[in-house]
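Below is a structure I'd like to ask you about.
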Amino acid sequence: MSRAPFLTAQALRKSYPAVTVLRGVSLSVAEGDSFAVIGPNGAGKTTLFKVLSGELFADAGTVTFEGRDVTAMPAWQRVRLGFGRTFQVARVFPDLTAEDNAIVAAEAARRGGVSLAWWPARSVRAAAHAALNEVALFERRSHIARLLAYGDRKRLELAMSLILRPRLLMLDEPTAGMSPPDRAASVELIAALKQRHGMTLVLTEHDMSVVFGLANRVAVLNHGEVVTVGTPEEVRANPTVREIYLGSGHA
Amino acid sequence: MQAAAALAALVMALLLPEIAGQGLVFLAGLLWINMVFGFSWNLMFRQTGLVSFGHAAFFAIGGYGYAVLARAWPGLPPLLVFVAAGALGAVAALVVGVVALRRSLGVYFAIFSLALSQIVAMVISDLPSLGRDDGFAGIRRPVLDLGVATIKLAEGDNYYRFLVLSCALLTLIVWWVTHSRTGRRFRAVQQDAERAAFLGIAVARQRLLCFVIAAAVAAVAGALYGPWLQLLTPELAQWTFSARPILFTLLGGAASFWGPAVGALGFTVLEYATRTLHGVGEITVGGILLIVVLIFPGGIIGGIIGGVRGALGRARPVAGA
Amino acid sequence: MLADLAGVVFNGLFSAMVVFIFASGLTLLFGVLRILNFSQGGFFAVGAYLAFSLTRLLGPALPLWRFLAIAVVAGVVVGALGIVTERLVLRRLRQVDGAYSLIATYALLLLVEGIVKLIWGVDVRSMEPPAELSGVWQVGDVFMPTYALFILAAGLALFVALEWLLHHSRLGKLMQSVATDPWMASVLGVDVARMQTWIVVGGFFLAGIAGGLLVPNQALSPSLAGTFVIQAFGALIVGGMGSVRGTFMAAILLCVADSLASTYLPGVPGVFFYITMAALLLLRPQGLMRGAQL
């Protein structure tokens, strides 16, 4: 770990009126990592994910990206620094076509200001088509997003994030709601995309086969605190982790 | 198809004075202004999901702005004054929007815009130079100097024709914004603001932009209204007037670009038919609006489309409960 | 100068209580049902006109007890209208998007306003307060109309009563549970639908009684419906959307600030209410009572 850490969290705290969800979480993600955050339900994974991506702000603590303090930066500014994310339940623009969804993303990526032009620029359309091709949705580009199959919507969402060429891609339960064969295909696709675009991944996931298939580092969260961080093998061998998972009935 | 229908409507509007009396032409002029007012409101509602209850403030700012400028500097080219009135509306919207859109929640914005229109109405009622509650009278119809020819808008139906063409231009602008790249981005923001933010789109800025454009269009509509009526009153800024574009849009159908036009037509007919009966107008409009929201959220256009589908034999979803 | 100041503050407090009395039902409805009810203004006007007609009907003398009884009757009648409104309109709005629900209550306001015009006409009417409340009290150099003192007391009493009801009674606990999590409340055996109906009735009762109490304060005209709504919305939003305590404090803050500024600063009277509102919302976008219940 000689370089400046890529993404760090330092002593993040977050409380809601009734509960404290994060109790001083610190993490460090290196560039090129596939970093998974796991833990039982209610451990604070989702909240941590939201704080890291900028959807929520922590009550205390800092988040840095490439040495830069981004704690108070809203999501859209973080995206412009190189963040990208997907949601637990795929989120696309429901009443636009798949192509228009990709075009909105491609235009956002170029940060075009006000444009009264009617048709998208040729390069924008090309970028959108390339991204749709990458996730095998080009054939269905004229479908209204709302009417796409769930797996397709999930891939469309991924394509939209990829158009922005993020250096850090955050995946919130990338295989939630998928059948086992779809999951395997999805893991393969994500791994291939990471390879091709040289991204760093941060993900949360329930399915351990997905975690161990993708991640090279794993952090275990329980009751809003980091229990351990290590390679998948180290984490698997950790007795506390076994206790948390076996004790609470999740495996 | 849309373009052809719109063009046909434009030609018919221009030819109206040849076949109709002065009273009807006057009503038609109001109708065109109302339609533009409705389009500008629906630009916000349909494209970014903003519900403004104070849109009349911008209409009034444009109307009074035009009247004051035209009186203070009679030598200014009238077209410039109309544009200046629009700019005035845009600037006002920018100032208000920066404050009001910090909280994007629908209800907050609705109340905030309501308060804004109240402030504008109070200021107008209080300033002697704006005529207070008696109104701003004697707004003249200007003379257009087009270089090759001068047109006295005060003569004959000249101002009416100018009004029709201006309203057509404003409609075209709103239509263009709706279908442009920027319009697509607005729609993305409306459908899922958070997703848009995670594509690096500055959501608040998009809403503000849409608000400013809508306000500018409403202000020009207000500017056109002054010389047509030759009288402006503080009611133009009040919330009852703000409710009009909402009524037009919902009556006609918010999902369609042309909804506000259909609604404005329906509203004008209703208002004219019940003008002598105190209270009946409100009861009809309120009742219809309630039925629209509770039972036919698609408005008149939605109802027609549903009806056509039904007639074509396709299964139609059962409306209401 | 000091007496002036006291008088100005007194005026502000008086307006604040008028706004609060009007806004209390609105707050209840928003706090529990999350419906911002434009039509509250219309039903307030119905209460005011009812009180006006009843007073006329019962003859020229208006003793204090009759004034109060008439206000209560107006409240009860409007409360009964609340049952109808809830069944026909408000209940259906729970499945409707927030913007549409706001527009629907506006439509309802138009409807009620039209009915008021149909029944009572468009002429402006007015009514004197009862004899007991017609005097003026003088404390030092400050003149305080008895009627204003009465409204001040009524507003304060209403606030204390609502606070007690919401925070110290069993019924209040039930209302809180329905407000925060209707599903959970229904699981725990609360009849949520019935509770919601009763809250609407309560909110409408408050609108009607407010109409009855505030008739002597202003000229009666059909546009009365809209007059208070905007100020009440302002107090509601600054107070934190649906907290009685917040609305109460916001009403005082806004009205006293408006009264002071209108007296000591140049500008248009009444505008400062909204300027203060904008400033407060900039400082505390969540409102005064953030996260507080009812």
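Observations
We just call them A, B and C in the order they show up, numbering each chain from 1.
By definition in this document, a residue touches a chain if its C-beta (ideal position, glycine included) is under 8 Å from a C-beta of that chain, and two chains touch if they have at least 3 such contacts.
Since the structure is predicted, the reported quantities are computational estimates derived from the model, not experimental observations.
Set against the Cα centre of chain B, the chain with the most distant centre is A.
Overall, the chain located most centrally, as judged by its C-alpha mean against the mean of all protein C-alpha atoms, is B. Computed centre separation for the pair chain B/chain C is 32 angstrom, with centres defined by C-alpha atoms. Note on chain placement: the centre of chain A and the centre of chain C lie 48 Å apart, centres being C-alpha means.
Centre-to-centre, using mean CA coordinates, chain A is 42 Å away from chain B.
Contact residues on chain B toward chain C in their complex (touch as defined above): 45, 49, 51, 53, 99, 102-103, 106-108, 110-112, 114-116, 118-119, 122-123, 126-127, 239-240, 243, 246, 250, 278-287, 289-290, 293-294, 297, 321. Every residue of chain A that touches chain B in the complex is listed here, in rising order: 53, 55, 74-76, 79-80, 83-85, 87, 91-96, 100-101, 103-105, 107-109, 111-112, 114-118, 120, 160-161, 164. Remark: chain C residues 36, 89, 92-93, 96, 98-104, 106-118, 121-122, 222, 226, 230, 233-234, 236-237, 241, 268-271, 274-275, 277-278, 281-282, 285 touch chain B in the complex.
Contact residues of chain B toward chain A in the complex are 176-177, 179-182, 184-185, 187-188, 191-192, 194-203, 209.
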